[in-house]
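In the part that follows, the structures are each spelled out as structure tokens.
Two complexes come next, and they have one chain in common, subunit A, joined by subunit B in the first and subunit C in the second.
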Partner chain A sequence: MFKILKYIFFDLIRSRWSYVYLLFYLLLGAVLLFLNNDLSKAVITLMNVIIILVPLIGTLFGVMYYYNSKEFTELLLAQPIKRSSIFIGQYLGVALSLCMSLIIGLGIPFVLYGLFQSNEIWDFVLLLVTGTFLTLIFTALAFNIVLYNENKIKGFSYSILLWLFMAVIYDGLFLMSLIAFQSYPLDSFSIGATMFNPIDLSRILILLKLDISALLGYTGAVFKKFFGTGLGLFISIGALSLWVVLPVLNIYRKCRKKDF
Partner chain B sequence: MIRLLKKLLFVLPLFWGLQLFAQTIVVCSDCKINSIKEAITNAVAGDTILVKKGTYKEYNIVVDKPLTIKGENFPVIDGEDQGEIIRVVSDNVTIDGLFIINVGTSYTSDHAAIRVVRSENFLIQNVVLEKLFFGIYIEKSNNGKIYHNKVIGDAQDEYNSGNGIQLWYSKNIVVEQNIVQKVRDGIYLEFSDNIIINDNISTENLRYGLHFMFSNDDLYTNNTFENNGAGVAVMFSKRIKMLNNTFKKNWGTAAFGLLLKEINDAEIKDNVFEENTVAINIEGSNRVVYSGNDFISNGYAIKVLGACYTNTFEKNNFLYNSFDVSYHSKINDNVFHHNYWSSYTGYDLDKDGIGDVPYRPVKLFSYIVNKTPETIILMRSLFIDIIDFSEKVLPVFTPDNLLDMTPQIKRYNDKD
Partner chain C sequence: MIKIEQLHKKFGKNQVLKGVDLEFLDKGIFAIIGPNGSGKTTLIKALLGMVVPDKGDLSVGGTSIRKDWRYRDQIDYLPQIANFPANLTVKELISMIKDLRNRPGEDKRLIALFKIEPFLSKKLSNLSGGTKQKVNLVLTLMFDSPIIILDEPTTGLDPIALIHLKELIKEEKAKGKIILITSHIMSFVEEMADEIVFLLEGKVYFKGNIEALKTQTDESNFEHAIANLLTQEDV
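Let's turn to the complex of A and B:
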């Protein structure tokens, strides 16, 4: 598995797209800091960008890479290698190279700007952690999609639909259900509903850290308990980890049974 | 010349007379007079009682003649939780430099460390109060000054704690350079008119840093209110001026920087509101002018609940608030102009420093949150940004005439 991981990883970091992705984050971080002159404001703006863009890149890149290297995968399948190590290796190779672009691309401008001397370091670390989580989650979901769909067009449209659903449509439905049932106690429901969407989860995680917790706790006791204490952070990170583990397990399960 | 001499002849004996009669009575633990009560009994009007350093276990001290009670190196007056400590019932009393502790707590009477009752021209200065119920309680007394005192309470619950400085039916009083901490209300005014409150620091109080009830024509400037249950509550009062104050970190589930309820004709100018859950909460307030204020990183900068007419918001800076303005109704009779909004995205083609596109400070999301508070969990979501944008283009739910027609391109920098 590690051999395949290593091969894919080095293959990808030599590729043009990794550099474009890296450069994009470099530029984004530098421009934000240049315009804002304020680390915490830059972190907020980056949060907005990351929770939308990282899932999109993760899904599209995952799908694209799988379809492109399909012949190579089939070649590997002919060798005496375990199937799970081929696919998990591929998945980790793609996800880790994306994570690396993200971390290095955002890290360099912030470190140069004096991140280590500021109080925002934990906010920034949290931002990178959520970015990494989102990459891992959405690349895994992309691999799930392609394993179920041989048709490229179908695979791409499902992946875009997945992103659109998680980033926009889910929140719309969420909002509508909250308004429709506004006469009922909704605290637990709304926290529960967040858990089912990794993008919402990451958003909440960063909001919590950026001191909006009091504003969130404005409404009710359950909110106050969840957002006012470490419990919120703990549960959110737990749920995010679950979001990584479950799709990866499904890749493992599916690739063993799949007919090529 | 002769007239001047005559005047001198008339005035000089007066001075001598005062010097002859006004004497200083020294109180110390091993003096002839070793209690303040005894000293007051022996004193005549105009005397000074000098209290030396030491601990005096006394309570219910009644000052019934015009005296100056002055502490040297902060003598401690320990009330041993028995009740009220000093009660002033005479005009022209000065209390200076005492350290008063252990005021008794009572549920039936408001025991205070220093209570002034129906007296004129009092001066309370350099007093330190600790372990108190009520601190300085001014009752139906006028023309006094409360200057440079320190009130440090240890209040836990609202129902069994008192206020730091309380004015009740009192007029023309100056409250200056006091520090009030950890009591129920830092400074409380009820039926008190023409009060001037300057340069005080009121922090960590359970309820309000400063609280007005039915008090008119008051002025407060250069005060700092930090970390209170709510910074300042102004209720049922008219013509209050609030200038150059700082409201900071009044941060919690029901916290406000400034709470206005039934306030008319007030002036709120050049204040700084920083990191409050709600910077200004307005209800039933009319003809109030808000100008030159800085709203920085608050949850809500201005939350308008209803029945607020002909208020003017001008030349304020709204910087990085989660919600700039929140309205509960569709009706707007207030004017917003020449403000700087950090979330303004318009342009200024004619370079006159005023944005060419009007700014709409009420977001649809704030309207939704008012209706269904739990939706706040969706804050900063992409979907919310999209619906906010569509509402901005075509307002349906928010007041459509609530516009800043002249948003500033650059923030006002009068403070720096």
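Let's turn to the complex of A and C:
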């Protein structure tokens, strides 16, 4: 598995798209920091960009990589390698190369700005951790989608739908259900509903850490009231980890039974 | 060496293999031929463990291939379409496959033979179709495994490379290997194959040497004999 991971990773970090992705974050980080001069605000703006953009790029890259490397996968399948090592290796190769672009792209401007002398280093680290989680989660979901769909158009449509649902529609439905059932106690419902959306989870995680109650929203406030900041952080990180582990386990299960 | 018993495979509603029984015991070149959609590629993929059969058993070297992937170490496989990671160079790809198989390969000789030294440090996305196929051949033939499976090996090759390929295949046969080839180019099959396996609609329709086929169909020309097999089926 690590051999596959190594080669896929080195293949991908040399691709044009990795550079574009890296440059985008470099630019975004630099612009936000040097025009804004407020680290905390920069982190919030970055969070808003990251929780929407990272899932989109993660899903699209995952789907694109799988379909583009179909023949190469077949070549690997004919080698004396375990099937699960091939797919988990590919998945990690894609996800880690994306994570690297994110971490380096945002890291450089922040380090240049003097992050290490500031108190907000942990906020920033948490931002990167969430970005990494989201990349791992959505790339894994993308690999799940493509393993079930040989048809490229279907695969792409489902992955875009998944992103749209998680990033936009879910919130809308959530809000509407809160309004519709406002006469009932909704605390446990809203906590449960948040757990089912990694994007919401990440948002709450960062906002809990930043301690900006105005931005927490209803779910965030409930979260904080329920768990307090420390436990809330812990639970949301735990839920995010589950969001990584479950899709990866399914990749492992599905790839062993699939025909190529 | 290779034993296939009652192999069935269905994709959705499409029953591709309907009980294939085959044995390849001795060394030799075996051509698997048949019209499009007759199940050639599925048969090969089942042998490589890429397709999971619905029914039936496959064994390589005396052990069943279900559940155990290590048997693939005995097989060199040339896939039909050569498509590699775009950003790796040819050299890196070759060392990668050697690394993955954990074996040394005699790539130097093959690189010289197919004259791909000038492309060694080029990215794979910049190669022409024929050059990719040559790289593909180097990747397949550089290992010394007892079984070689070639899926449409002649695609895109220039005449000189084709001559080298034929020589290589004969050399490998002389070493006592089992070589399975699928091809649509009948002259290539006629020249190379010791025995042919004719698949039709998921069944083995004919297995034997070319002479036997010619006598059975009463044709002196190999291509016509094949065509004859197909028309017999229609009647």
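One rule holds for everything that comes next: the second predicted complex is superposed on the first by the 245 of 260 C-alpha atoms of A that agree within 3 Å, B and C clash if a C-alpha of one lies under 4 Å from a C-alpha of the other, contacts with A are read in each partner's own complex, and residues count from 1 in each chain.
In this section, a contact is a pair of C-beta atoms (placed from the backbone, for glycine too) under 8 Å apart; a residue touches a chain by one contact, two chains touch by 3 or more.
Quick caveat: nothing in here was measured; it's all calculated off a predicted structure.
Student: Using the superposition on chain A described above, determine whether A:E71 touches subunit B (first), subunit C (second), both, or neither.
Tutor: Once the two structures are laid over each other on A, A:E71 reaches subunit C alone.
Student: Determine, under the contact definition given at the top, whether A:K224 touches first (subunit B), second (subunit C), both, or neither.
Tutor: first
Student: May I ask you to decide whether A:A167 touches subunit B, subunit C, both, or neither, giving the answer as first, second, both or neither?
Tutor: Only subunit B is touched by A:A167; subunit C is not.
Student: Using the superposition on chain A described above, determine whether A:L186 touches subunit B (first), subunit C (second), both, or neither.
Tutor: In the superposition, A:L186 touches subunit B alone.
Student: Is A:R14 contacted by the first partner subunit B, the second partner subunit C, both or neither?
Tutor: After superposition on chain A, A:R14 lies in contact with subunit C alone.
Student: Which of the two, subunit B or subunit C, is in touch with more residues of subunit A?
Tutor: More residues of subunit A are touched by B.
Student: Which positions of subunit A sit in both the subunit B and the subunit C interface?
Tutor: After superposing on chain A, no subunit A residue contacts both subunit B and subunit C.
Student: Report the residues of subunit A in contact with subunit B in the complex, numbered from low to high.
Tutor: It is residues 41, 47-48, 51-52, 167-169, 171-172, 174-175, 178-179, 182, 186-187, 189-191, 194, 200, 203-204, 207, 211-212, 214-220, 223-224 of subunit A that touch subunit B.
Student: Which residues of subunit B touch subunit A in their complex?
Tutor: 251-255, 275, 277, 299, 320, 322, 368, 371-384, 386
Student: Which of the residues in subunit A end up touching subunit C in this complex?
Tutor: 3-4, 7-8, 10-12, 14-15, 68-72, 74-83, 257-260
Student: Spell out the residues on subunit C that touch subunit A in their complex, using ranges where they run on.
Tutor: Going through subunit C, the ones touching subunit A are 11, 45, 48-52, 69-73, 75, 77, 79, 81-88, 92, 96-97, 99-101, 139.
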